[in-house]
Amino acid sequence: MTETARRLQEDDKTTRRQVGATLASPAVAMPGPNAPVWDDAANERERRQARIRQVATRGVLYVTATFFALFAALPFAWMILTVFKQNTDLYDPNRNPVLFNDPPTLGNITFLFERTEYATFARNTLVVAVLVVLVTLIGAVPAAYSLSRLAGRWGEGLGIAIFLVYLVPPTLLFIPLSRVVADLGLRNTWWAMVLVYPTFTIPFCTWLLMGFFKSIPRDIEEQAMIDGYSRLGAIWRTVLPVSVPGLLTVVVFSFALTMHEFVYALAFVTSSHQKTISIGVTTELIRGDVFFWQSLMAAAAIVAIPIALLYNLFLDRFIAGFTLGAVKG
Amino acid sequence: MSVSARADAAALPETRQGRYWLDRESVLGPVLLLPAVIYIVALVGIPLVLAVMYSLSDVTVGDQSIDFVGLQNFRDALDSSTFRTALKNTFVFTIVSQMIVLVLANILALVLSADFKGKRLVRFLVLLPWTTPIALGVLGWLWTLDNVYSPIDYLLRQVGLLGVGSPLGSDWFGTNALWLAYPDRAQFSVLFVHVWRTLPLATVILLAGLTAIPQDVKDAANVDGAGFFRQVFAIRIPLLLPIMAVAVLYGIVFTFTDMTVVYILTRGGPVDSTQVLASWAYFKGIEGGSLGQGAAIALFLFPVLVGVAAMMLRIAKRAETV
Amino acid sequence: MAVVEVRELSKRFDGVAAVDGIDLASTDGEFLVLLGPSGCGKTTLLRMIGGLEPPTDGDILIGGRVVTNLPPRARQIAMVFQSYALYPHMTVYNNIAFPLKAAKLPKAEQTRRVAWAAGILGIEGFLDRKPRQLSGGQRQRVALARALVREPTVFLLDEPLSNLDAQRRASARDELQGFQRRVGTTTIYVTHDQVEAMGMGDRIAVMEQGRIRQVGTPHEIYDEPADTFVATFLGSPPMNLIPDAASGELLGFRPEHFIPWEAGMGNDWVRFPYHVHRTEYLGAERLLYGEVGEAKAVARFPANSDINTEIGSTTDYAVRRNDLKRFHPETGLRLDRPTNGRQP
């Protein structure tokens, strides 16, 4: 606890110092409140202590950052090492797992694509994701516009209500929905996912887009209406082109959520050729005691890395949605 | 005079406005909202009602007719010791993991709010658990915690914590820790993976809150001579409180309702010791085929969700009025 | 070209009247200014005329046609917003051509009309640029070109000069008025700036709290204010208002009509004892601040005039009887007005 607190303190001082340094030009060491300004020796002591503190701060900062990075990335590191290992190297508990004791191989990736249904899973995932994105846009864009522009005072409240639907978990609904899916004749097809996934993508994306539309000045669409377009025409020709970054965020988020979903897919789809990556890899490629660990890890890493890169690009916008307006600016 | 003006206007030919009905805000607003609302009502609202009906009936995969049996499903659930374990686990996993996440996320957010070389890389790595599809991330852990080939075990063996004569006690004398094979270690593993996977979102939410504290507030506190602890407790924590609440609420929802971690890591085992409500509902309802039982078990998630939703609503409402 | 007319027009937001039963009509080709402090309802009135705000009550007529419930596109109007509302994702050319595309004009005709409008406003040089690459003045001209290009029956302008700096504003006033005179389109112009109103308007409608206080030419509004609000809203410094002990009325007079007794001195002059306590030198003119009795009063002279009133002294000042306006002390209404400026 005290260790943590000290670390926090150090970090805080660093930030403060840097801000100060960028604002005020010369980095003059300020005498502490108790140090008389004419005491050169005390000044010198202060300065030396400040320097030591600064070095210590940087040290603690890097150690903490490294610790968290390792903590988060550990399974991924092991994943990526595994992908390129040969069987003889991997399945020997006495060999150092961090090293390539045998030369690395690409054979596991070839195996994944040629000897398993991974390519089918990937194709299904892509098709489902694209369709989910489309349904999400059709549902969320008009709803967000309506709530942010046309609904007046109750728009915000209704928007939050819709957002809360995003928090309704699949584990609460998968049993009744499996019946709905069966009644619609979609059991055991990826169409079931196309139907059900928008129930969580539409709420979140509506909320995300509401924030985005609110930041677009009304003048532009009003001007378009003055210039002779209907309101729908004005939305199409001015609001949407200006909202491209927001729409892109929604596309990426729906896409990512589709890749993430596991429970509905598990509950609705049992034939392997209809499965998406999330369930295909975890149910079809793990068969009894025969684990193709290298190929399994390749299957996971191939998906994880691109999605992570996409998320990072749109992170700030996602977070703006998640914080519910509790963060200003 | 004004009366005659009105009469005048009435007599004038008013251009037909019929074809402009979609331009009226009072019409267009609901029309645009309709697709989303229909979707949500049809595929969230109705299933929710259906879930309640199922939970009160004896419906199974084999017999889809809904015959009401009162609270029998709930009584059966409560009678089962597995259910009680699942209920306890769900709460323990959620509460403990989110307490740890709150502490770690605060530290990590502070680290990421500082400037240092390689920060982008650190941020990328730290976010990985959140950005990766849960099932695949947990798959990574399944392999990392493997009974035989776990690299963690290798490391522990190298430093002498694992194997005969381990200072940790006779439980650690084997060549492998068997992270997923002993009940207590399996529970620890599940808890650990939950912390791992919910930490990034909490961190970035806190980070957003941290960077939004106006610089002039910090400056004013500095000028006023507030020490570090005064600053943390008098300024940072009160200002960050709503955002911390938001961060924790997401963590609660995502941990409380999750079945993926348990399903992939342990299948609820060994001997149902890591079962949670969501996974137990799945095993009963989908794999076991008793839809009524499964629905009843899943409905135990509902009160907590309502509580979380209510708190989120309060925070959002307050944010709106500020 | 068309006459714009509103009849008993009201707009209430949550029961609060932003526009409160206004009757007003422009004449054909007129430059009509809606002037008032912020929150007086002038922009709401303009937006209702434009079709952007549905009225709660009353009617709007453009060219004799009731358009009250019609959307903007059915009204044949053009509007320039305070922000200019240029489409950020389009080039200047496409911004100007946008209304023509809405009207589905043939491509060649669009090109011709855009060239014509750009020529009038002198912006042919940057048709390929995006709005963010333009200066404030250039943006304004693009917005005007876009308003002009489809030859609307009415221009609605919402404080189009407020985003310009003070220097640029004077020349923009000149350009704008010259432009309106050239195209001769009925223009309704909203501003809170009396200099713009006085300088450009054929007539000014002074608004306060959702109502029109007075409509008239700049001369009428300035010289014959209908009430104390108009009297004190226009003119800088505003009209002095002195309670008259004898009649119980308020006497109003402009600072420039308030001069030392010796300088005027005649039968048609009314005398006031004026206590001066401060003077301001403003370059071209000089202001004296002081009191007549209990009431504050300001006097204004050209800076080069040889009037030399001592600070702290009480001197006799005077106003020509014709320049004295009489107001009701409670209602503020003018008591001696030759014509009733309240008419629509």
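Which chain is which? They are A, B and C, in the order written, and residues in each are numbered from 1.
The definition used in the following text is that a residue touches a chain if its C-beta (ideal position, glycine included) is under 8 Å from a C-beta of that chain, and two chains touch if they have at least 3 such contacts.
Only a predicted model underlies this, so the values are computations on that prediction, with no experimental measurement involved.
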item	value
Chain pair bearing the highest count of C-beta contacts	A-B
Farthest-lying chain, centroid of Cα atoms versus that of chain A	C
Identifier of the chain whose CA centre is least distant from the whole-structure CA centre	A
Separation of chain B from chain C, taking each centre as the mean of its C-alpha atoms, in whole Å	58
Chain centre separation in whole Å, for chain C relative to chain A (CA means)	53
Interchain centroid distance [CA atoms averaged], chain A/chain B, Å	14
Residues of chain C touching at least two other chains	71, 73
Of all residues in chain B, the ones touching two or more other chains	20, 23, 25
For chain A, residues contacting two or more additional chains	225, 230-231
Chain B residues within the chain A interface of the complex	20, 22-23, 25, 28-33, 35-37, 39-40, 43-44, 46-48, 50-51, 54, 64, 103-104, 107-108, 110-116, 118-119, 121-137, 139-141, 143-144, 146, 148-149, 151, 153-154, 175-176, 196, 199-201, 204-205, 207-209, 212, 214-215, 218, 222, 225, 228-229, 231-232, 242-243, 246, 250, 253, 257-260, 263-264, 277-278, 281-282, 285-286, 291, 294-295, 298-299, 301-302, 305, 308-309, 312-313, 315-320, 322
In the complex with chain A, residue positions of chain C that touch it	50-52, 71-73, 77-79, 81-83, 85, 87-89, 98-99, 102-103, 146, 150
Chain A residues touching chain C - in the complex, by the definition given at the top	217, 219-220, 222-231, 233, 237-238, 241-242
Residues of chain A touching chain B in the complex	4-5, 7-9, 11-16, 18-19, 33, 58, 61-62, 64-66, 68-69, 71-76, 78-79, 82, 90-91, 93, 96-98, 138-140, 142-143, 145-147, 150-151, 156, 158, 160, 162, 164-165, 167-180, 195-196, 198-199, 202-203, 206, 225, 230-232, 256, 259-260, 262-263, 266-267, 277-279, 281-282, 293, 296-297, 299-300, 303-304, 307-308, 310-312, 315-316, 319-320, 322-329
Footprint of chain C on chain B - complex, ascending	2, 5-6, 8-9, 12-15, 17, 20, 23-25
